[in-house]
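By letter and in written order, the chains are A, B, C and D; residue numbering begins at 1 in each of them.
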Amino acid sequence: MTEIRIGLIGTGYMGKAHAVALKSVASVFDTGLRPICETICATTLEGAREKARAFGFNRATDDWRTVVADPAIDAVVIASPQSTHMDIAIAAFENGKAVFCEKPLASHAEDCRRMMAAAEASGLPNMTGFNYIRTPASQFAHDLVQSGRIGQIHYIRAEHTEDFLSDPQTPSHWRTKDISNGCMGDLAPHIINAALRLAGPISSVSADIQTVHSERPGADGPEAVTNDDQAHLMCRFQNGAMGHLFISRVATGRKMGYAYEIYGDKGSIRFDQEDQNALWLYLAEGPEAERGFRKILTGPVHPDYLPFCQGPGHGTGYQDQIIIEMRDFLKAIETGTPVWPTFRDGLEVQLVTEAAWKSSKTGTWATV
Amino acid sequence: MTEIRIGLIGTGYMGKAHAVALKSVASVFDTGLRPICETICATTLEGAREKARAFGFNRATDDWRTVVADPAIDAVVIASPQSTHMDIAIAAFENGKAVFCEKPLASHAEDCRRMMAAAEASGLPNMTGFNYIRTPASQFAHDLVQSGRIGQIHYIRAEHTEDFLSDPQTPSHWRTKDISNGCMGDLAPHIINAALRLAGPISSVSADIQTVHSERPGADGPEAVTNDDQAHLMCRFQNGAMGHLFISRVATGRKMGYAYEIYGDKGSIRFDQEDQNALWLYLAEGPEAERGFRKILTGPVHPDYLPFCQGPGHGTGYQDQIIIEMRDFLKAIETGTPVWPTFRDGLEVQLVTEAAWKSSKTGTWATV
Amino acid sequence: MTEIRIGLIGTGYMGKAHAVALKSVASVFDTGLRPICETICATTLEGAREKARAFGFNRATDDWRTVVADPAIDAVVIASPQSTHMDIAIAAFENGKAVFCEKPLASHAEDCRRMMAAAEASGLPNMTGFNYIRTPASQFAHDLVQSGRIGQIHYIRAEHTEDFLSDPQTPSHWRTKDISNGCMGDLAPHIINAALRLAGPISSVSADIQTVHSERPGADGPEAVTNDDQAHLMCRFQNGAMGHLFISRVATGRKMGYAYEIYGDKGSIRFDQEDQNALWLYLAEGPEAERGFRKILTGPVHPDYLPFCQGPGHGTGYQDQIIIEMRDFLKAIETGTPVWPTFRDGLEVQLVTEAAWKSSKTGTWATV
Amino acid sequence: MTEIRIGLIGTGYMGKAHAVALKSVASVFDTGLRPICETICATTLEGAREKARAFGFNRATDDWRTVVADPAIDAVVIASPQSTHMDIAIAAFENGKAVFCEKPLASHAEDCRRMMAAAEASGLPNMTGFNYIRTPASQFAHDLVQSGRIGQIHYIRAEHTEDFLSDPQTPSHWRTKDISNGCMGDLAPHIINAALRLAGPISSVSADIQTVHSERPGADGPEAVTNDDQAHLMCRFQNGAMGHLFISRVATGRKMGYAYEIYGDKGSIRFDQEDQNALWLYLAEGPEAERGFRKILTGPVHPDYLPFCQGPGHGTGYQDQIIIEMRDFLKAIETGTPVWPTFRDGLEVQLVTEAAWKSSKTGTWATV
């Protein structure tokens, strides 16, 4: 098996997830390439060394430039703060590395566009990290829609809701300040990506975006919250379908509310990531007395489940989504063929976000 | 117990429901008044006689004018087609009858306003029939919100979705023609009423309304569908909360999708009429490890449940909602005190509907 | 419509339920007979008069003997304490009345046998009150099994669990004393009846029966609990299937835990009365990727639902089960044909109970 | 970090799961030891080499004796067929290796006892593989019970049900023949282990065990099924609680029906592995109107969740249970302290199985 050396930039939440995925992906899947955890990059050298030890990397650094310039590195995984994505990615492409970059690519479409241009100019494999859509259930949902199993889609309702800031007494921190785009920057990309994947391109949106708790306790008294807590948008899709997307970090009680309902004229699909191993399917066929939403437990017959377990209903989890992503990234490198979602797909998501911002300001529908 | 003689106009879906409620309400509840099923009115005399026999009424007629003018009748229940509501109600008030009228009061706000004016001018008891909000679960939801148990509300999502027209081959009929206002006339009133009840007055809306299946099989070939199949609207409430209402008669798989989620800063509520005996409550209190949405089964400790059964979780059903309504109407008559929802409340619902129509046409937010 | 005069004996929990059912059954269903609430019997004359007023009966008495002997009465509904059932029922048959008797017919099989003998000797309509099995969902479950839709049944698990005595500090009362047979007398009949209905005759059982809280607070200090709090039994059915029945009044959190799972070789059924309007059906057919338990919401296509509502998923409740029972009792009277469950069926249930008692004492399997 | 060299014996279902766990455990958890995938052993050398490549092991062999005798190997993971467990384990202990052995240790208690004796005589770390009980939800359930949160337990109902043999046309194979102990050998150990963990030692059982489909298609016509398809047992626990365990490989529709309900006098717990990231908890405290089973989504505050993900509700899966097991095995090696469940615990499970076999034959209760 060919080895491929990886540089991982970022050691936080997503950094760790990718580190674990790199360790196990070639044992879970029958990949042609086996990734080697070569270099890990953190903000301090001490931190990087600690994480190299913890995650099992050969080398540690506090300078991402040495990673992207290192001839021993074949591919770069970017899991650092959003504001650093663009410079790293572009430099990596310039140095001939394949790049996997966490969502959102950048804070604004213009930067995403530059990243995409660099990626496509380089001809190198590039991929954006939208992990939730990789569950066997959501992959199967996509297959069902594509195959026409639920007919022509006319409505989709989707949300990405969590409640980590629902308590107004939760202190001010970086997520509530200018450095972040709020829930529209953090959570919206996931669910916009899901909507695009499941229902196709969005042509226009009408959005309403709000900061629910306008100040939070800071070190020296109340501090202003300068970005949004909740948002929602009505969409029209190119195929005529209507949609509604709801994004919130103050949805009390919701922990991983990445959920959608898709209504077609032959059937419907419901999914909630809080029970990620089940897909609910209604088919308008067979005796009416026997119709109902069926709770399908994912298993070996569903996309990408079997390598994790031979038994249906035994379940995959969060970490497994990242492993699936990494398998796809390896496949893109091995075959030289782009694997969805590329940087271009990452840009598409950002364009919807920007239309929502615009609509929210003008009070009218905005074209994507 | 004082007897009160009722004239029931309409013998269809809702007519029967009210007939049954009239028979049992005074046995279920400890009402001060006992309703007597005096006269039933259908479109033909033969039909009226048949229904009088089936539902146990003393007399039958095909002329609603004789009912509202009959000195032996104390109160009128209007369950006839929507287009007939206004004339009947106004005539009934003029003849000194208390009036219960099914929702929506009328097709347009102007007519609702005339009905409300007649009601208030008469000083007689008047009530609009929004049955779903009367379940013990939804009454308890209202109590929880009012008491501040879930804190300040910042988001409500609600829907009234069914699928009786989701099959494009379902033939054209009165519900798909001009006589009807589509799902905005049929289903929207219920869920707008719920939103107003649970989250307070709505100040503005942005709506999108659509006919999904533009024609349906008719007797002589395809016929145009001239009203809407699905609609949704974003709202801003007077208290600052955001909301989304979704209405559909083509939501494949949804049978009684009268459902809502209410997010507050101390807790949240979820409800779905398809499991009407459960209310889901999340409280952001106690040890974090023990927090979760709790499925509360309604029982004797919840509003209006006990008269139906002494055991919790034994459940009430559709017919019981109508019985609760009738109890309230009797109470309004007995006490002379208005009982929510009056004709004025029925008008409030219609004003939101009209704002939605306007917004849908202009593509901008409309003030209610 | 022919009128039929009813004497109702008992004014408690079940007495009220039957009173309400008598009022509405002929309006809900297209019955050939219309019951008239003629006489109600309570333990005191004052109480009977109060209930006659509340429930709308013509006459009141404190002597059941005058009811069963009254030539103006056509049928008797027995909803009085269990210890009184036998004498009333036998006297009623001797006086030529049709008899509906709440479950269990009597405390011991011997008495049940005498009641059945009197019923069958009289040739009069007789029926035992097992209301829960009358929900549209459970009727549909029965239809599915009978039609072979889930194939040959090999396992059934069923329970009737509630928690009204789960708190050891709940005071001693009649249910915890000798007058009652504990949960085996109160709750077991319902679920044994369900097992017999759904899986056929039981040939033998192995049972374990327990008093969990052996004393409870009384007026003058702790009092012994002299009957059982929980029980379970393994069964072998005549068709070879295995089964397990669990009965408890101390199942903390369970409010109406009348639930069952039936496994066949072509499919399975799951039901829980706490969500009584849903039946879960799994069919081992069609693409494996699309298989799952489907949540079927009862509607007009399911047994006995339509008369309550034309819309699916709108739901029936506890009271509606009693109305369905009363419809069946009227049908038995009208047609002179026995309607399940007769007194003979009530006896069958008691025979399983007695086998369980025996097994529990000997520690071996007992033949029914 | 100290490295420790592992020999993995077995490359099937569980072999792969352990291989993946060995790769990632030291990145997920902050272990003191980092396992090195040294040697993998399959039944053929070719197969072993293929698996060494696929799973990333340094060496391959078809002779387990060379593994247990290899001085370069520190610990052995046994995931080979059940009939081989004893010889491998005993030889490994004799060679000074720590041993992790998949459940069940052996087919009969006598062999388990020999294995336990060898383990304890050696003083080496030893562990039995019961993965399902390691989910964050089941660990939390155990914590809740231990802390008295749900009071004194009086009933537990548990099952391990799947449906991989529910179709009578599924061909005969090794699982349906003498080499296997049927569902009592395959599935029962998991749920007996859960019952012992959650409710304490079992003192006696009454069991019923059955082969539902007595023959299955073989290569040359029907072949007899010589072991059991379904079984259930009633238990009495040492603490007085009653219990019921149901085991089936023909439970149509059940994919991973490892589920339990625990009733205490202060609360109750419900769990189903098919939704393994949720634990349902009912607490008999607070206002009665607000009581209900709460669906707790596991998160960073629950045992062993945080290393997998910082966000609650994001979910762990089947593979993660194996990683947790491996972390515990490493801890046992590092600290020299036994970690539950040891070989002794594995024997305890087998003793209950044997009592069930005995009871099933005699038709009486059997002491464990």
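Simple rule for what comes next: a residue touches a chain if its C-beta (ideal position, glycine included) is under 8 Å from a C-beta of that chain, and two chains touch if they have at least 3 such contacts.
Keep in mind the model is a prediction, meaning the values are calculated, not measured.
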item: If a chain touches chain A and chain C alike, it appears here; value: B, D
item: Chain separated most widely from chain C, comparing mean CA positions; value: A
item: Gap in Å, rounded to a whole number, between the CA centres of chain D and chain C; value: 41
item: Chain B and chain D: spacing of chain centres that average the CA atoms, whole Å; value: 53
item: Inter-chain centre distance, chain B versus chain C - centres from mean C-alpha coordinates, in Å; value: 34
item: Junction residues of chain A - those touching two or more other chains; value: 254, 278, 291-293, 297
item: Partner chain A, residues of chain B touching it in the complex; value: 150, 154-155, 157, 163, 166-168, 206, 208, 210, 212-213, 229-230, 232, 234, 236, 242, 244, 246, 248, 250-254, 263-268, 282, 284, 291-293, 363-365
item: Chain B-facing residues of chain C, complex; value: 1, 13, 16-17, 19-20, 23-24, 26-28, 30, 34, 53-56, 162, 164, 254-257, 273-278, 297, 299, 308-320
item: Contact footprint of chain A on chain C as seen in their complex; value: 140, 278, 280-281, 283, 288-297, 301-302
